[in-house]
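Naming follows writing order (A, B and C), and every chain is counted from residue 1.
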Amino acid sequence: MVEGSGGRSLSAFTVELEVYSGPYEWLLALIMKDELEIFEVPLRELVRTYLEMRNAPSANALERDTEFVGSASALVLLKSRTLLPAVEVDGDGGEEDPSTPEELAGRLTEYLKVRRAAEALRERLAENTGHYPSGHALAPRTGEQRVDPRRVEAAARKTFSRLTEPPVRHLGPITVTVQELADLIRASLRSGPLSYEELVRGMDRLRAAVAFSAALSLAQEGRVLLRQQEPLGPLTLEPVP
Amino acid sequence: MSPRPAQLVEAVLLVSPRPVAAEALRSATGLGAPELDSALDELRERYSPEKSGVVLREVAGGYQLATNPLCAGAVERFREEIRPAPLSGAAHEVLACALYLGPLTRAAISRVRGVNSDAVVRSLLERGLLAEVGTDRESPGSPALLTVTDSFLSAAGANSREDFPPLDSLVSDEELARVRERVAAAGEPEDTAGAAG
Amino acid sequence: MSPRPAQLVEAVLLVSPRPVAAEALRSATGLGAPELDSALDELRERYSPEKSGVVLREVAGGYQLATNPLCAGAVERFREEIRPAPLSGAAHEVLACALYLGPLTRAAISRVRGVNSDAVVRSLLERGLLAEVGTDRESPGSPALLTVTDSFLSAAGANSREDFPPLDSLVSDEELARVRERVAAAGEPEDTAGAAG
């Protein structure tokens, strides 16, 4: 009924059930590809078959058991899901089902190859364990500091020129006060909200700046609301209700 | 007294836990290619598993001194470490996907295996056996592409990805024919008796 | 096949960056004292400085594999280099002061920059880009005079200070006069009398 061997984990485990006979791993693959109805697979019989085979002594019994338990639990989970009312199982594996036998055969073939490759890898990794690397790694040495002469030059310009006061000769005498513009703003707001652009239309830069300062003071005193939808966007002054 | 080429190479290999490529060995030691080759021949002999507790490995595109697996027990006792748990069957499958079909996305791995593989992928990334290399711009969300790392090659004792048997050689034509047969037979639910190996 | 005693000891020494005491070697390898002694004799011969690029050192703490000093050049070339973090804007300003106005005191640098510069000066002294050259005897407490070092010149790819553009090509006469005032104006920030130089 069963051919067990101490070789490659589960690849030598074959089963003979009413619905299927052949290698166990193909059974898994067929179920995964929905080619075999999981509820037709008698899980209890499957486990009993495995346990009988397991009696044969094997070098990698623990590994094989682990793998069997893993796949058998997956089958139990799958079966219990199938017995529940249809729930859309959406996973990464949820690609549309292969429609033609060729497609199915293609995917099964690919999976079988990957499975064989995985077994070969297991052996290869096991053969190569126990190679511990040298513990004599050197701490990296700190390299020479690089200094960009252009940055030194730029720093010199910046540092040595900031001691000079900015020239102010081009500025005319200030002829308007914050108070005057605050009065202007309050007067203008009597007829409703007002944009800052409208307010300063026709003013020179100095007056526009003082008007802004006046608007800020009024807002701080709670006598005006300032609205700006986005940074640097249009600024609107509104009377406080 | 000036050191012989093999001595220079040996000293450099001692201070590197990772495999050192031939070019890096040449640039550190100042040796030409033929000198380096004969130095490596000498070291291969000196650090052969039969003679030495330290062996010269040629893995992941470079040369590495490592302990002889025969001595692993003593090393593990010394470091008071237990050998890391072997990888699960699922982890081997995911590595096989990345090695043979990669670089590929998590979703592609899950598709090949027929089960969600995200948790396994995460643990292999943590162990440094898988790494993300770029993204798949053709897929929605540009998911990361995964491939095996130099640590993986080193753990498998491989010099490069070409150092593994071709995927097609792993399953015999006979087996493949049987898969086809079975799939064809699956169309007829009554036929379940098909013999298998 | 079981490993010979010397192989076991060799493997343990490869993985340990620190010297391993005889007792630790015995307990890891399971060797008795006489076996360990003869294993060490064998390794002393195998890893002698005449033969090998790796040598067995016997130091206070025990036994250790190390690179042969003859191979130090190759090892040093192989060693990875990490670039120090680039200098801050403040560091460039302090260097500019020392380069163009130095030798000058810490206090003078702080006056020119308008902020306390002691921490920046300290870090540049540590990095070897600034050095103290004598003291300013005219100032109370005779503070140290600072200037840029040869390391600074070489880090900037310059052969001498003359490789930098002259100060008067960078700033106006008026600016220069104010800078010199600040350098000279020890402790009297308001004192704007008499431009120096």
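Quick notes on this structure:
Everything below uses one rule, namely that a contact is a pair of C-beta atoms (placed from the backbone, for glycine too) under 8 Å apart; a residue touches a chain by one contact, two chains touch by 3 or more.
These numbers come from a predicted model, not from an experiment.
When C-beta pairs in contact are tallied for each pair of chains, A-B comes out on top. Chain centres here are means of the Cα atoms, and by that rule the chain farthest away from subunit A is C. In terms of their C-alpha centroids, the spacing between subunit A and subunit B amounts to 27 Å. Between the CA-based centres of subunit B and subunit C the separation comes to 40 Å, rounded to the whole angstrom.
Counting partner chains per residue, subunit C has residues 11, 14-16, 65-67, 75, 78-79 touching two or more of them. Shown for subunit A are the residues in touch with two or more other chains, namely 132-138. In the complex of the two chains, the subunit B residues touching subunit A come out as 13-18, 55, 57, 64-72, 75, 83, 86-90, 92-93, 95-97, 99-101, 106-107, 110-118, 154-158, 164-165, 167-168, 170-171, 175-176, 179-180, 182-184, 186-187, 192-197. Interface residues of subunit A facing subunit B in the complex, by the touch rule stated above, are 9, 14, 18-23, 26, 29-30, 32-33, 35-36, 63, 66-67, 70, 74, 91-93, 95, 101, 104-105, 107-122, 124-138. If you check the complex, the residues on subunit B that touch subunit C are 1-3, 6-12, 14-16, 20, 24, 27-30, 51-54, 65-68, 70-72, 74-75, 77-79. On the side of subunit A, the complex with subunit C involves touching residues 132-138, 140-149, 151-164.
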